[in-house]
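The chains carry the letters A, B and C, assigned in the order they are written, with residues numbered from 1 in each.
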Amino acid sequence: MMPSGPQRIALITDFGPGPYVGQVTLRLSALVPDVPVFDLISDLTPFQPDLAAYLIPALVRDVPSETLFLCVVDPGVGGKRSALALEADGNWFVGPDNGLLAVVARRATAARVLRVGWRPAWISDSFHGRDLFAPIAARLCLGQELSAQVLDPSELVGWDYPPDLARVVYVDRYGNLVSGWRAAGVDRRARLRTDARDLPYARTFCEVPAGEGFWYEDAFGLVEVAINQGRADLTLGLKVGDDLGPPSP
Amino acid sequence: MMPSGPQRIALITDFGPGPYVGQVTLRLSALVPDVPVFDLISDLTPFQPDLAAYLIPALVRDVPSETLFLCVVDPGVGGKRSALALEADGNWFVGPDNGLLAVVARRATAARVLRVGWRPAWISDSFHGRDLFAPIAARLCLGQELSAQVLDPSELVGWDYPPDLARVVYVDRYGNLVSGWRAAGVDRRARLRTDARDLPYARTFCEVPAGEGFWYEDAFGLVEVAINQGRADLTLGLKVGDDLGPPSP
Amino acid sequence: MMPSGPQRIALITDFGPGPYVGQVTLRLSALVPDVPVFDLISDLTPFQPDLAAYLIPALVRDVPSETLFLCVVDPGVGGKRSALALEADGNWFVGPDNGLLAVVARRATAARVLRVGWRPAWISDSFHGRDLFAPIAARLCLGQELSAQVLDPSELVGWDYPPDLARVVYVDRYGNLVSGWRAAGVDRRARLRTDARDLPYARTFCEVPAGEGFWYEDAFGLVEVAINQGRADLTLGLKVGDDLGPPSP
């Protein structure tokens, strides 16, 4: 099976404020007390694993390797969707087979995808983050059997997603609009057009006057739109899922 | 006195975002550095210990035993209400005597209720979570004296609360409505009637079409109302404290 | 250089919900795995380091000493503002030189202020919390070189701020209004006047009827305005930055 070895677990969820992050963390602390657990992000948009899929590789980029990412945006909980365990470029990912892990698998230099057959003795119908995915993560940490079946990555839900996504995939606390488009290859002279404004590139906030909008390469490596000392979401009237970019000449 | 032995502390509060969870956690980390502290829930509704009382036993059900639950919804802070320490079925609870711990005490197979007389040298008038209950929790972990008086459980504020509560006790991040009614004994053919809709039972989300409402046994073991891929709170116009259920024939 | 020795790191930021607290925590856990990291506060108001400056010494007052406070409200990220490391009364502070650390430095009995010249090999343009200040904090914990220059405290941005600030510097989860004015010297017979109401002092919530407003010495040691079992922010129409107090005869 997969080699044991995760040094830490990072949670990537849509659980929001409330008890679900705490419940999963407490469950993990009982199953693998020596593995530290971190809440990396808990405000992903519910019901949209296809958008969160583009944020996950960006979130993972700057986390130390040998991390297990427990990923849950799971509107199909309790139904027929499979449970996945993925090993990719020195990290592990556990989550539902609903597109959420498709982009990180697609971009990996080397990925091994497993459909997990193991199930715990009891499981609720509505909280597989706590009752299924957390125990699977713990078993991976402990090197225990998962009754897993190796999948060809092309069997993953979402394997046919486009390589980059010109939509808002996350709105952060400042109202900045994070797109699913990697910024590395984008010409800095290009402009990003929205219904409300035609935005130039700037390296960072303090290069534009207060109240001005711009696009930039954010700390995830993605194209992001911001208003210096303002809220881009409100000013531009955009929300998660709306079209955004890519910047073009 | 009570045997020492909590392996971890879990916080159950209405502290919300902001500094209060962090302040309590830092205080505990100084007092009992070897006891891990978890933020289990921090968005309980302020001023309503009588509603949170029904969520606490449900929250506790799936947490590993030998946990000390530090429970704070405390509108009477600085007044005459007592401080309680409760030992119930292998766990410990610390909090104000305002109804918050009444249901968990009532449902326990074996409960020992103490009114705590011990006070720290200094205490603020408005933040007993940090200045009184956290130090009491630490002393329990360390097996130190609490100048405690054993109470007959029937002396607890809230001992006369009904065994289950047909009201909304919590609205989660998805807009789902959690009631104070245990689902175990409820006939699955029963319907839950609200002003807006007459809701059938479903085992889980993916058994109903998107936009449809239903009631189900949630991962707390409570009757919960949801709209598949929608927000039940907004659709049904219900909020914490409103009547909800129980489902009936 | 500065003596090594922080026993823990506490984060004081405007990062809000979302991934930034988790990203900084994961970065620190890789750099200094033996130093526990706490999220003390993450909902400071963005773009207003001059207001947060008055909350920081109040937040720090009740945290165990030998703590390193990583402080980030940083609208000038990516620009010319310096990075500071401050040693004050047994604690350490790391953050931008934009006023955020001015009040804690000013009030310290003994403060040593360093402008940090060291930079990591790579750094993003928009997330110095993760890419600059967290690594500086880690180097301080490890006693490593920071290419630092000792500053006269009077060179700090914000050194000329008033000793106390009669404005709202934070609104908490209950809608209470925290001012930047220390309560210790204020006559309890004084009244605090707002456009909407003329508020008396009360020791704590349960000394006034439900719905009544009052000012009190809060658990930070600051003048705070509350409505018993209500929201002062909504009732009085006040928000962060608005004038508030001090109470006067």
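Methods note: a contact is a pair of C-beta atoms (placed from the backbone, for glycine too) under 8 Å apart; a residue touches a chain by one contact, two chains touch by 3 or more.
Computed from a predicted structure; not experimentally measured.
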Task: Overlay chain B and chain C by their C-alpha atoms and let me know the rotation angle in degrees, rounded to the nearest 5.
output: 120
Residue-number overlap at the chain A/chain C interface, same or different (half cut): different
Task: Find the geometric centre of each of chain A and chain C from their Cα atoms only, then give the gap between the two centres in Å, rounded to an integer.
output: 31
- line: Two or more other chains are touched by the chain A residues 16-17
- line: Counting only contacts in the complex, chain B reaches chain C at residues 14-23, 25-27, 29-30, 46-47, 75-79, 124-127, 130-131
Field: Interface residues, chain C side, partner chain B - complex
entry: 8, 10, 16-17, 36, 38-43, 59, 62-64, 67, 170, 172-174, 203-207, 216-219, 229
